[in-house]
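I'd like to ask you about the structure that follows.
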Amino acid sequence: MENYTKYKLKGNDELVSLLADKDKVFVIACNKCFKEFETIDEPDCGEFEKIAAEQGKTITGSAKVDFLCNKTQTEKKLQDMIPEGTEQIFVISCGLGIQTVADIAKVPVYAASNSLNYTGHHGMALTKKSCDACAQCYLNITGGVCPIVDCSKSLINGQCGGAKNGKCEVDPDKDCAWEKINKKLEKQGRTEEFLNQPVQVRDYSKVNFKVVNDYVKSIREERFAGYYGGVHPTENKEFSEHISLERFPEPKVAVISMSQHLGAPANPIVQVGDTVKVGQKIGEAAGFISAPVHSSVSGTVIAVEPRMHATRGSEVMAVVIESDGKNTLHESVKPNKGYEDLTPDEIIEIVREAGIVGMGGAGFPTSVKLKPNKPIEAILLNGCECEPYLTADHKVFMEFADDIIYGLKAMIKTVDAEKGIIVIEDNKPDAVALMEAKIADCDNIEVVTAKTKYPQGAEKMLIKRVMGRQVPRGGLPADVGVVVSNISTVKAISDAIQKGMPLIERVASVTGEKIKNPGNYIVKIGTSVKELIDYCGGVTDDDVLIKMGGPMMGFVLSDLNVPMMKGSNGIIAINTDQTQEVACIKCGRCVDVCPMELTPLYFAKLADEKDWVGMRDRNVLDCVECRCCDYICSSKIPIVSKIKAGKNAIREMK
Amino acid sequence: MNISELFQRGEFVVSAEVGPPKGTNIDHLVEEAKTYLTGVTAVNVTDNQSSVMRLGSLATCKVLKDEGLTPIYQLTCRDRNRIALQSDLLSAAMLGIENLLLLTGDHTKMGDHPQAKPVFDLDSVSLIHTVKLLESGRDLGGNELVGEPPKFAKGAVVSPCSDSVDAQLAKMERKVMAGADYFQTQAVYEPEKFIKFMEKAKQFGKPVQLGIVIPKSVGMARFMNANVAGVHVPDSMIEELKADKEKTKAGITGIEIAARIIKECKPYCQGVHIMALGWESKIPDLLKLAEI
Amino acid sequence: MLITQLKSKETIVSLVDGKKVFIINCQGCKEVHFPEKEAAEFQKELAEDGNVTGIITTDYICNPENMKLRLEKHMSAIEAADVVLVFSCGVGVQTIAEYLEDKKVCAACDTYPLPGFQGVTPLEYDCDQCGECYLNITGGICPITACSKSLVNGPCGGTKNGKCEVDGDMECGWERIYRRLAQLGRQDALKCPVQIRNFATDDEVKNL
C-alpha cells in the first residue's frame, strides 16, 4: 500500500522566523495519520525540536498524542501535560489537531505544519482521489468516471479541446478524463444517452460549511449520546418484533449443560437411568461463583457425558434427559412467601437455589450480585436489547411486565437500594409505555428511555448513560453504587419467589433474514438449536451464518446440535459476509467507536507482534469485547479475536 | 482626474454612487448623472452590487468619463480570479480611468445567482496589494509589465459604526499597509460613533469620505437596521422620520437628517460619499442643505 | 468518509427507467452519515415493481478487494440487471463502475464533503487542507473554513451583529479570530504581510 501524509512540517525558514520572538515552547505532535504506516513515532517532532534548539529556544517538553483531532480524548490527555512556564505550544498535525489544541490550551498555539490536501477518503481510497464531494453527483451521465476530479478543469459538458494524444493539457502524464468517459459510454452504448443530456451547470451553493456543520452536529449528538463511542448497526428487529410470544413444543430430549454460567461448572447429581422431574436439581453449584442446574423436563436421564457446548466451542459435561412429555413438577417446586415477608438472605438463597444467572449472556451468578459489599443506590434493569435482530427482551417486557416489577422490587429489597431504574431503548416505544403505566404507583421505580445505540446494554455503558458514573478500571458496578440486571433475570427471580420455579426456561428469538418463519419462543433449557430452527421452517438457503446471540457479540454455531442455555437470548440466521483482512490504514475509526476509549488498532498490531506487555500497557484488559471495532474496521481486521488472544496471554503471564 | 491629488490639495471630496442597469441601455443613468451629479467631484460605479448581475462597471465608467464626469471604478473579488482582476485593471488604466474602489464583495449567495461559484481568489487587502504591484510595473505573478505602469487612486472601504470597531480598525490598518490611498465609509447615522472612530483612524493618515445613505423612510431605516452590516439608524431618527407623514414632504426629513450628519462630521473627515440609491435627484438639495 | 444524501426520487426513478436493477448499499460511513431509512423505504417501493434483481448492503465498497469478494455470489443477479444502482459516496460508485466495466452503474446519492479526515467523527468543518496553514496569524481559528468567503486578510464588512452575511446563524469567523487574538494578547499577529492564497492544484501542493 502506498504511504500517505496529511501534514508536513513547515519549511525551515518559516519555522525560524516563527520562533524568532518566542521561547519556552511546548511541542505536541499528532501521532497518527502520517507518512509511513509502519512508523511508530512521529519523526517531525524531533526535527522541530532540533530546529528550535538550534535557535537557542527552551523546550519545556514535548508529547506525541494519538489522533489529536479527537477532542474528547485530547482534552483528557492534555489536562496535566503542559508544564508551568510554557509560553506557547507548537503543534505538528493537520489543521484539525492544531485547532483542537488551540481550543483547549490557555497559551497561544502555533502551527508548525501545513495540512496537505491529501487525495482521498476512507476505506481503501486514501491514496487516490476519486470524489470531490460536489453534492451533485455527475457519475450517472459520465459512465461512472468523475469529471470533477478526473478532468483538470472539472468540466461537466465534455472535453475542452486541450487534450493531446489523449493526455491532459495540464499534465501530460494524465489521461484526459473526457476521453475516458467517451470511450466508456461508447462501450456501453450510452453515447446517445449522453448527447441527449441537458446542458449541465454546476450549483456551487450546494456545498457549504454550514450545511455540513449542521449535519455533523446532528450526527455527533447521536454518536456521543450518553457515552463516548458506540455504533448504530442496522436494527433488523422487524423480522420478529411483531410476532407474539409462543411456548415452544416440549423437546423430546433435553441436553442440559453443567456450565451455563460464569465460574465453576456444576457437578451432576443424577445418574443414567434416574427419573427426574421438572424443576428438580440435577447439578450442584461447585463453589461461590457457580450455580446449580435443574431439569427442564420430566423423564429419564439417558446420559451424563460431555456434549458440545454452543459458546465454548468444545465439549462440556451435560445431563441428557429423555422427556416423558408429562411435565411432572418436582415436589421442591412450590411457592415461597411474598418477597415482602422474606429477609434479604432468604431471597438470596432462593435465587441461588433456583440457579439464576445473568440471562443477558454473561451468566454471572445473580445471587453473588445480590450481596454487594458496598451501599447500593440503584438497580438498573437492562432492557436495552441493543444487539440487532433480537427481540426476546422486548417480548418479556410485553408479556411479563408484572413479573419484572415484582422481581425488581425483590431485588431492591435485597440490596437495600434506593430505587430501581428500568432502561429501555427508544426503538421499543410500546414497552416504554407499558412499563411506565405499570410503575405509575411505585415511587421508587422509574423508566428511562435511552436513544438506541450499541453497546448500550454493556453494563459499564449503561451505568454511564443512566447514572453518569464511570465504573473504575477493573471495578464492579457496585463500586459506583449500582447493581445491573437483565430483565429476563428479574423475571426469573419473580418466578423463583412466586412459583418456586428454578430457571429452566427462557424467552429467545429465532430470527434473521435467512430464517423462513421467525418467531419468539419460551424455550426450555436444553432444547436443541437444530430443533428450534427446524420448527421455524429451517433456513432459506445454505449460504447462511448461524449465531447464538446477536450479530455483534453472538457465537457462530458450526454445529447446530447444541442446546439452548440460560443465557441464550436468540438464534439468528443471517447473510454471510466474504471479506479478507488487509493492512490497517490507521483510519482511527476503531478509536472513535470504542466505548471504553481504548485504541484498538494498536491491539491488532501488538497482538500480531505478540507484544502482550504492550497490549497490557494500553489497557487491553478493559476491553469489553463489544466488537464495535471489528464492526467499523475498514480493513476488516478481526481485532477482537486478536484482543482475546492478548488477554489470554496476559492472564497466563500472571 | 486622480482624486488622490484632490485629497492632497486638502479639498473636501464629494462623490456619489450610481448602479448600472440590468441591461444594455444606460441613457437613463447618464441622463441622471449629468443632471444631478454635476456638483460632485467623482462618481462611483458599482460592480454587480449585492451580487446581482448587471451591466459592467468598467464599461459604465468609460461612458461616464466620456460624458465629462470623473468615475470611480468599483472592483470586487467575488467574480474574478487574480488574472481577470489584473487584466481589468489594465483595461481601466488604458481607458483612462484613474480612481478605484477595491472591495471583497458580497457573497454570491446574496444575489440573483446563488448557485454561482464564489471566487474570492483575492480579497480587498490582497487586491489593493496587487494594484500597488501593478503600479510598480509588475504583476502578481512577478512578471514585468510592458510600458508605462498604471497609476490609480486606490480606494477602500471601512465601517466606522460596526459592532466591532477594533476589528474594523485592524482591517483598515491592513488595507493602509497594503497601499490604500483613501477610504469611503459605510453609511453613517451615528455621528458620535463616526467621530470616535475617526479619532483612532487619524493615525493612518489617509483621507476618509463619510458615507451617506439618505434615509428615505421608516421602512428603509428598519430594513437597514435588520439587514445591512455596520449600519444602525438610531430610534430617535426613526421617530423623526415617522413624523414626516405628509406625502408632499416625503424625503425632506431624510435629506435634513443626512445634511445634519454631514455638517456634524465634516470637521473630522476629508470628504463625503453619497449613496443615493435611486434618489440621485435629491443630491443637489442635500449638498445645498449641508452647505457644501 | 463522506456524507451522502439521496438524490431526488424522480432522478433515481429516471435512472432506472423501468429496467432491471441491482442495488448496492454501502454503510461503511454510516456512523458519519448514510440515509439508511430513506434508502430502505425507497428500495422497497422500487422492489414492488418486480424489477429489482437483488439488493445487498455492505460496507467500504471503496476497498476494491473486499468489494469484489462480496459481489462474487451476487454476480448472476448483477448480470441479470440492466442498471446497478449504488447508494454510496462517489468513491464507492466509481469503484463499482470500474469493476463492472460493462454495466451501467449509477449513483443514487450526492456526496458532501466531510469536515474531518480520519481519526474521528469530526466535530466541525475545521480544516480545508489548504496546504498553507494560516492558524498562526489567526490565533488557531481557521479563516478558510470559519469565513464564508475564506478571507485571509481580515473580515469583509458584511458582518451584522457578529453574524455572517451569508448565514445569520453563523458567527463571523473573523470576529471569532479577533476575539481569540485579543484574549491571547496577540493582536499584532495581524500586522503580518498581505496574505495571498496559493490555489495551485493538488499534486503540486502535495509535492511541495
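By written order: A, B and C. Residues from 1 in each chain.
Criterion: a residue touches a chain if its C-beta (ideal position, glycine included) is under 8 Å from a C-beta of that chain, and two chains touch if they have at least 3 such contacts.
Since we're looking at a predicted model, the values are computed, not measured.
*Asks:* Indicate, using Cα centroids, the chain positioned nearest the centre of all protein chains shown.
*Replies:* C
*Asks:* Using the touch rule from the top, work out which pair, A-C or A-B, shares more C-beta pairs.
*Replies:* A-C
*Asks:* Where the centres are mean C-alpha positions, what is the separation of chain B from chain C, in Å?
*Replies:* Here chain B and chain C have centroids separated by 39 Å.
*Asks:* Find the geometric centre of each of chain A and chain C from their Cα atoms only, then give the gap between the two centres in Å, rounded to an integer.
*Replies:* Averaging C-alpha atoms per chain gives centres 26 Å apart.
*Asks:* Where the CA atoms of chain A average out and where those of chain B average out, how many Å apart are those spots?
*Replies:* 61
*Asks:* Give me the residues of chain B that touch two or more other chains.
*Replies:* Touching at least two other chains: 109, 118.
*Asks:* Quick check on chain A: which residues sit in contact with 2+ other chains?
*Replies:* Residue numbers touching two or more other chains: 206.
*Asks:* Counting only residues that touch at least two other chains, what does the list for chain C look like?
*Replies:* Residues 148, 166 of chain C each touch two or more of the other chains.
*Asks:* Within the complex, which stretch of chain A touches chain C?
*Replies:* Listed in rising order, the residues of chain A that touch chain C are 6, 8, 10, 18, 32-33, 67, 69-71, 94-96, 98-99, 101-103, 107-111, 113-125, 129-137, 139-140, 143-146, 152, 170-171, 184, 187-188, 190, 206-213, 215-216, 219-220, 223, 231-232, 234, 543, 577-580, 582, 586-589, 591-593, 632, 634-636.
*Asks:* Under the touch definition given earlier, write down the residues of chain B that touch chain C in their complex.
*Replies:* 103-107, 109-110, 118, 120-126, 128-129, 140, 157-159, 162-164, 166-168, 170-171, 173-174, 177-178, 186, 227-230
*Asks:* Quick one: in the complex, what on chain C touches chain A?
*Replies:* 1-3, 5, 7, 15, 27-33, 36, 57-66, 69-70, 72-73, 89-98, 101-107, 109-133, 135-136, 139-142, 145, 148, 166-167, 169-170, 180, 184, 186, 201-203, 205-206, 208
*Asks:* Contact residues on chain B for chain A in the complex?
*Replies:* Interface residues on chain B, with respect to chain A: 108-109, 114-118.
*Asks:* Show which residues of chain A lie in contact with chain B when the two form their complex.
*Replies:* Listed in rising order, the residues of chain A that touch chain B are 201-206.
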